[in-house]
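Labels A, B and C are assigned to the chains in the order they are written; within every chain, residues are numbered from 1.
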Amino acid sequence: MEASSITKDTVKPTAKEAHLSVRNLNVHILKNHILKNIDIEIPDKSITCIIGPSGCGKSTLLKTFNRLLDKTENVTITGKVLVDNENLYEKDAEVTHIRKKMGLLSQRPCPLPMSIYDNIAFGCKIHGTRNKKKLDEIVEYQLRAVGLWKEVKDRLHVPANKLSIGQQQRLCLARGLAVEPAFILADEATSALDPISSKHIEELFVELKKDYAIVMVTHTLRQALRIADYVVFMYLGEVIEAGPAEQVFKNPRRELTKKYLEGAFS
Amino acid sequence: MNKKFSNRIFKDKLASGVMLGLTTLSLLLVVGIGIGLYLKSQPILEQKTLWTLLSTTEWKPSNGEFGFLPFILGTLWITGLAIVMALSIALLTAIYLTEYSKSSVKRFVFPALDILAGLPSVVYGVWGTLFIVPWISETLAPHFVEYATGYSTLAGGIVLGVMILPLLISLFVEIFSVVPDDLRNATLSLGATPWQTIKLVVLRKSFSGILAAVVLAISRAFGETIAVLMVCGNLPVIPGSVFDSCYPIPALIANNYGEMLSVPLYDSALMLAAFFLFIVVLVFNAGSRIILHRIER
Amino acid sequence: MRFIEEKIVKLFMIGATALVFVFVASILYTIIARGLPALNWDMITKLPSGGFYIGKEGGVLNAIVGSLYIVGASTVLGLLISIPVVFYINVYLPKDSKLAYIARLSFDILFGIPSIVYGAFAFTIMIYLGLRTSLGGGIIVITLLIIPIFIRSMDEVARQLPRELLDATYSLGATRLETMGVVVRQIAPGIVTATLLSIGRAIGDAAGVMFTAGFSDSIPTSFSQPAATLPLSVFFQLSSPSADVQDRAYASALILTIIVLILSVVGRFVTQKFSKNKI
């Protein structure tokens, strides 16, 4: 790190303080009520894990945070998702701007069909950064941030899909960070990875929560136990219980949560 | 019991043999067509070199002059025009259908494409003579040239372009829907607009597929006969502009097969033309199909 | 800036999609507007009389019947040949078989070969065998033309056949041949769409039958007599200098279009109906 000529301050993204709260959110697809009266607060600078059995709507909830549900056919969304007290679902809300604030890490790593360098530069380019030197700096900074720089610095211009799956996922994280989001949304982001890579991502999350609010969907309870600061438990489209990890895991208030944690169903 | 059992096994084996035979026979058809046309085109190749045939422009069968150049250029011109036109329309339409439109729009577009794909080429030919040809000669051409009949390279290109539209659109739609949604979501999450997502990621990802589809469409356009024949004027000269007549290879074969047996070497020349078509279509088709098969996996 | 680009491109896309409709509408309108006035009962019930091509009485019954003969016979032949091939590729051969790959590729290639090449090839064979243009020749060339269509579209359905279904039949002690009944029932919708597609292609083909079936003003009574077809009938009437005859060409084109449209509508209906009940 010291050897680098880059001073951290010039390129370090200023992660913005942001607050995310969900008010009375309902999602219907055709006649199916997918999300029911969701009311939660996502705290800043911490890791929030959404847990629950598969099909409980946790991924859908995550998708409402950056309006990726918009394109789904026959979907109706009511209620509010507030970021800094601005409703994402306001009529004249700027979708691309919202999405820029929300970095997404999907289940399978999904590198864009271009070089490692261009994957990270892509987001900056579409938002108008053309300066080559600036881009070089951003690419290096973000690759260092996810611990990938040493592994790829000599082959920045090979296609990104030549990397291993674990490396790809870190690349995707770096790509998301490069557009300076305020949140990181991770949809079972480690489920396709080997144990070492997945540990790597977890460590990165713990590191990154200093600057970002991280929301992750997971169905491995142990992962939530390891890194969650705050837990949201969902069942059949409803939030059953939400609160600090310590409290939810040790003294669940609801019977259903207790049963789920005990492994009665999954 | 045992006898009945072995009887069933025998039937199974027999059927297997017959089916293998049928499958192989149909495979041999490809080879058979190639060999048959090649043998029939031998007589003219014994008299003249391939290069003379391909590079000269005189077409006077009764004098024994067979210059294929005007026909080859005619085919290339018409196909080129058709592809340029169809490609742009098909790409835009396919992107709209896969990335933007609601399914209610698709409910109207796909049946319309079905109709376009199903119309016989002679109907396209009639449409061309009744609509495109007069439009060119009365409305379009007067802006550029003094006199045009309308039976022209351009008319052929337009009619052919409309004919290959449904093929291109349906291939493109298929290719775009193979691009994983995750990729789109990843790009959108970076704050890209839908069009940026398509331009920079979806199109790039499906480039080889688009190429294969275009090659396939070219090979389809190459062989189209009747519709083009009806609107392109059929003069064996090299077209000087898109408003001039031209004479593509399939039209040459179709127009002259009747008299080809009464002029020496004529039949061989026409079979050589068919052999050209066969080879071009074979190579283009095989290439693009192999690419498309790969993408599907 | 990028939002303006977004809007402009979207406008172009809608324009292109609209253009597709414009083409369809323009073709249908042209054919109907010019064909309908000339269409009458005589057109579809009478044979061409002596001076038909210079404007005298008659109809195109010869071409309608000729087309039906050729299409009917080649559809039956095509089905008989392609069902076993599809069955063989999908049931007998293992899933990743080389032969199956080559077979599929070959049928894709055959599908792409223009009908004029089929026609020219069949014509050389017929000359070699000393045959004249005839109904039989037309049937053979159209059969060759539609086999790849049959196989490709049936194969598409058959490939999605759940292997478990086959395994279930095997475990009842059935031989591979005896799974035929199950398989055919499963791919029935594929067979129907394939048949309609093939009929559409077969009835519209002109270049192939031009060489092989020839043309005739009477209805053929045996396989060795030449037969007229609708597309060629349109084509020949249109090349007549007389305006009356040209009008009849438009009417014939309308008849052909109506037949094809009916096939297309039925095809769509059948696929939708079947795809609902498919497992």
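Everything that follows uses one rule, which is that a residue touches a chain if its C-beta (ideal position, glycine included) is under 8 Å from a C-beta of that chain, and two chains touch if they have at least 3 such contacts.
Quick caveat: nothing in here was measured; it's all calculated off a predicted structure.
Chemist: Report back the single chain whose CA centre is most distant from the CA centre of chain A.
Modeler: Farthest from chain A by mean C-alpha position: C.
Chemist: Would you mind checking which chain's mean C-alpha position lies nearest the centre of all protein C-alpha atoms?
Modeler: Answer for the innermost chain: B.
Chemist: With chain centres defined as C-alpha means, what is the inter-centre distance between chain A and chain B in Å?
Modeler: 47
Chemist: Can you work out the whole-Å distance between the CA centroids of chain B and chain C?
Modeler: The answer is 17 Å.
Chemist: For chain A and chain C, let me know how many angstrom lie between their CA-based centres, rounded off.
Modeler: Roughly 52 Å, centre to centre.
Chemist: I need the residues of chain C touching at least two other chains; which ones are they?
Modeler: 2
Chemist: Where in chain A do residues touch two or more other chains at once?
Modeler: In chain A, the residues touching two or more other chains are 126.
Chemist: Can you pull out the residues of chain B that are in contact with at least two other chains?
Modeler: Answer for chain B, listing residues that touch two or more other chains: 193, 196.
Chemist: In the complex, go through chain B and note every residue touching chain C.
Modeler: 8-9, 11-12, 15-16, 18-20, 22-23, 26-27, 29-30, 32-33, 36-37, 40, 88-90, 92-93, 95-97, 100-101, 105, 108-109, 111-116, 118-127, 129-131, 162, 165, 169, 193-196, 216, 219-220, 222-226, 230, 250, 253-254, 257, 261, 270-271, 274, 277-278, 281-282, 284-286, 289-290, 293
Chemist: Using the touch definition from the top, list the residues of chain A that touch chain B in their complex.
Modeler: Contacts found on chain A: 66, 68, 73, 96-97, 99-100, 102-104, 106-108, 110, 112-114, 122-123, 126-127, 172, 175-176, 179, 185.
Chemist: Contact residues on chain C for chain B in the complex?
Modeler: Going by the criterion above, the answer is residues 2-3, 5-6, 9-10, 12-17, 19-21, 23-24, 26-28, 30-31, 34, 81, 84-85, 87-89, 92, 99, 101-110, 112-118, 120-121, 123-125, 127, 144, 147, 151, 175-178, 200, 203-207, 210-211, 231-232, 234-235, 238, 249-250, 253, 256-257, 260-261, 263-264, 267-268.
Chemist: Write out the stretch or stretches of chain B touching chain A in their complex.
Modeler: 102-103, 180, 182-183, 185-193, 196, 200-201, 204-205
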